[in-house]
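Lettered A, B, C and D in written order, each chain numbered from 1.
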Amino acid sequence: MNMACQSSDELEVLVKEARTYTKNGKVADYIPALGKANPNDLSIAIYYPDGRCISAGDIEEKITLQSISKVISLALVLMDRGQDYVFDRVGMEPTGDPFNSIIKLETIAPGKPLNPMINAGALVVTHMIKGNSVEERFQRLLSFVREMINDPTITYNEEVARSEFETAYLNRALCYFIKQHNIIEEDVEQLMDLYTKQCAIEMNCLDLSRIGMVFAMDGVDPQSGKQIMPVDVARICKTFMVTCGMYNASGEHAIKIGVPAKSGVSGGIMGTVSGKYGIGIFGPALDEKGNSSGGIKLLELLSAKYKLSLF
Amino acid sequence: MNMACQSSDELEVLVKEARTYTKNGKVADYIPALGKANPNDLSIAIYYPDGRCISAGDIEEKITLQSISKVISLALVLMDRGQDYVFDRVGMEPTGDPFNSIIKLETIAPGKPLNPMINAGALVVTHMIKGNSVEERFQRLLSFVREMINDPTITYNEEVARSEFETAYLNRALCYFIKQHNIIEEDVEQLMDLYTKQCAIEMNCLDLSRIGMVFAMDGVDPQSGKQIMPVDVARICKTFMVTCGMYNASGEHAIKIGVPAKSGVSGGIMGTVSGKYGIGIFGPALDEKGNSSGGIKLLELLSAKYKLSLF
Amino acid sequence: MNMACQSSDELEVLVKEARTYTKNGKVADYIPALGKANPNDLSIAIYYPDGRCISAGDIEEKITLQSISKVISLALVLMDRGQDYVFDRVGMEPTGDPFNSIIKLETIAPGKPLNPMINAGALVVTHMIKGNSVEERFQRLLSFVREMINDPTITYNEEVARSEFETAYLNRALCYFIKQHNIIEEDVEQLMDLYTKQCAIEMNCLDLSRIGMVFAMDGVDPQSGKQIMPVDVARICKTFMVTCGMYNASGEHAIKIGVPAKSGVSGGIMGTVSGKYGIGIFGPALDEKGNSSGGIKLLELLSAKYKLSLF
Amino acid sequence: MNMACQSSDELEVLVKEARTYTKNGKVADYIPALGKANPNDLSIAIYYPDGRCISAGDIEEKITLQSISKVISLALVLMDRGQDYVFDRVGMEPTGDPFNSIIKLETIAPGKPLNPMINAGALVVTHMIKGNSVEERFQRLLSFVREMINDPTITYNEEVARSEFETAYLNRALCYFIKQHNIIEEDVEQLMDLYTKQCAIEMNCLDLSRIGMVFAMDGVDPQSGKQIMPVDVARICKTFMVTCGMYNASGEHAIKIGVPAKSGVSGGIMGTVSGKYGIGIFGPALDEKGNSSGGIKLLELLSAKYKLSLF
């Protein structure tokens, strides 16, 4: 369970400035549940290792992780399988293509996705989660998320999962393409079941900020003292957040912001400032590349003000 | 039922010369049933409008149509739906890419396959076959084939159909990609069921030559006098055979041979010489583009000897 | 010198109907000289082997050949070098990409253009014209054109050639890409000089129709009885006109019209009906693929009325 | 002038281990001057802000900058033109394609290179260097390099520059493609003159390490106290070194090493560890992506031993 978060005037000022950018965006509507979000929403939580938390906006609103889950499943799979096994099956290179592109699957190293942050790569990663059934694999992933947030009540949104399961034809195309090239052998419908549940894991942006904090602390939960994931795994995840975390705007994000972060089409962003704190942002209006319009701006203002860039 | 075919010394000479090219090819082995074929086989039948037939080699050996079926389903669908409906959903342009490429589906007119002879386009065509069930649609296609051959016993090879159904991941990838773009709405497994049965329709190269003869006669069966398909439909099919009938060697085939023809990975080729006769060829050793090595050579020799090029 | 052409009421009717389609097009304006053309113009000449000619519209207006020249230089180079030499350096496959695309140069057989009708391939063809200097090579090409038209006064438009020479950056990009891959070794500026002169060869659509007639007669000028090019060369050129002659609308053109034809961005179309006659069309308003809007329609009406399709 | 550098036993151990990886590489031979390098060479210099320097191997050997120059010209141009001007003309996204690929120039934002570290982008950057002539622009770039190294004798290798100027057809192809899209207006031969001189700037790996140190100190030369480039410019350059600095192995490099670095086909690598020191490496044997085989390994060992990863 998270403690209550303290509203921060400084953050409120930044949110106010960034909120004007939400007008440039549009709420994702291909999943009905996402389409109901208020495009003007923008909120942020910052979670410190000592348990303090500051915020602005309504940080209790629930969102589904969507692509943010890609970095979490990657961490789990790196622990489950080791780096060599994982990177034999998915690459490490940014692509410059949209997240759902299938072209590079055909032209470069047939069937091996270029990185774990594009859909094709994330599907291969989810495929590698260990367990004897979809249910067991999903519970292992969920336990991992709950541990990072320190909240055993975290679960997934069944309606969103079902809705995505029913309509995710492009992801099925990616799965079959990869299966043709023997990168995965699993039944595609089963993998889609697991993947859409993963994407539908639900939390608020306070929870997101706590996950970011665990990455910031190199995988340690400072309150329990437990090493939730090895340092190397945390480091690899943060690297991918920089090189590929913001779809095909990742390069621009690295230049302008320089904070490891992962976005999702629900409008969430999970950011991590090494050794300092985690960041959770929610702003459902998306720019044309699929990132939260207001959220990106907010992160940019925050990074400029507090000199958060890694570079 | 076909009459007996007369062995021709002239054809035997051409087959003998072309047979040396079978060594450059390899039997397709991704389907066990295809892999059992003898790579040195090469046979040809030529079917005249008056019912005469000449041949060389073992023309009774059964083969599955595979991609040759694409031109037959196209003819049926043009009758079922009309040109406007069909060409709203599949294009008319050759691609220069391999038959199973997915790239152009993403880069040009998203989801609309460039032509009906590549797999993506053929799947859209099969989707458009009218009928209330897979069974009914398949029976309509089969009846059409039987009518062209004038043989009610023609059927499909269940083992080949099942084997392809189980392993055709890439075709499923294409289906889902197209479905994402609303070009098809049908259940993918159902479409795959129909498509793999279509590809597994089985006949010998004498039968193939009779189909070629019906196209050569602009859709008329000269023995019954029946117009099996409208002239325009026959013309469109013959045009696609020239521009896209031999995978991404179609351009070379047009230059060197100039005879409308369609090949399949079983090693069959169905050719058509307008007003004159139909050609059926079987040679299972394939070149790297998927065409019968010996069959292509045989057609080239035939075209050169009898000046069959359209151009 | 051409005889006078007789105005034909039947052709006038077709031109009138097709002219309504000129409104869908736009005159090419990247070359000032082309931009001055009247978008409503549409004219046609049909040239018979016996020297008769019928026409509609103003068939005396001069146009530059532009891409129509690609098929003429190909014929010359096939005579200069032979098929093997030529097709070692340029392919035979349609591409499905726009005429000026550079992508396939990188992805398929690096540096070897897919066919001689796209710019990259046409540049390689022009490079292969024999002669000791640009001047000598151009004069050889011009002589060949003059011989086909039987008019020694045919020349090129210097202003258009200069204008294209100065602005053809994309063609230079293609040249250097090809040169990098050792397909050509010639100085690029020299090749561009020759190529832009080739494209600027000027004539009216009566002249165009006479060229089409020579192709229709398998390379023979029936008036002089001279075989201007071998039968095989004429056949190969006609084949490319069908598979690649109308840019990336060639497939559609083959289906709907079925007449070997080559278009240029000046709005000209040269067509050829084997054994019957040649066609010259001029209509400067272009569709989005670079073909004459009215001209294509006119050819379609003509083909439908007189059943000209090869297929 | 640089002080003498002290040989370091610790570095020698790392070099010895990394040197076994030089066998996996091959010296670039497309420029004769590069081809003469000894593939077994491997050396490193580390330059500290206080002027101390440690090294292993022969750090006095001269190499040309090649692609390492891309990050230096970028820094100069960001000062010359400002971020907005620069990033209107070149993007910020990694591509996943080889450094010399032309495909994305056609498919994404036509003519605007995806980032300044691929050749197409670097050519646009060099085009933006201010000055009234190639000579003046080159002298401005050279002065900037000399200032970072604090050595007024740094110059370029005329033989290498000339050799590249004569053979760089692919770069000319990129220039003309970009020029066609109005991203540059300069004469291509002039730009190639400037660009090939830039690539041929010559120094040893001690010099390289001093440049890395200036980036590490956010653009300040700690010995003179002078801010050679603004903090933001240094930060942007370091970001590109991480996301795109090692060709299409940049993602892997970020994961495995995590040190901003830029490589060149001469076998040089310039690395920068913020606030700590600069790194110069030379090892001419290249892997298949164009990075120094031994140099990459050496940097990986160094990063692991001293925990240098940013992430």
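Definition applied: a residue touches a chain if its C-beta (ideal position, glycine included) is under 8 Å from a C-beta of that chain, and two chains touch if they have at least 3 such contacts.
Since we're looking at a predicted model, the values are computed, not measured.
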{"item": "Farthest chain (mean CA position) relative to subunit C", "value": "A"}
{"item": "Chain pair with more C-beta contacts, A-B versus A-D", "value": "A-D"}
{"item": "Cα-centroid distance, subunit A relative to subunit C, in whole angstrom", "value": "55"}
{"item": "Separation of subunit A from subunit D, taking each centre as the mean of its C-alpha atoms, in whole Å", "value": "33"}
{"item": "Rounded Å distance between subunit A and subunit B, as computed from the means of their C-alpha atoms", "value": "47"}
{"item": "Junction residues of subunit D, two or more chains touched", "value": "107"}
{"item": "Residues of subunit D defined as touching subunit A within the complex", "value": "91-97, 104, 108, 114-115, 235-236, 238-240, 242-244, 248-252, 254-255, 258, 260, 274, 309-311"}
{"item": "Subunit A contact footprint on subunit B (complex, rising order)", "value": "101-103, 105-107, 169-170, 172-177, 179-180, 188"}
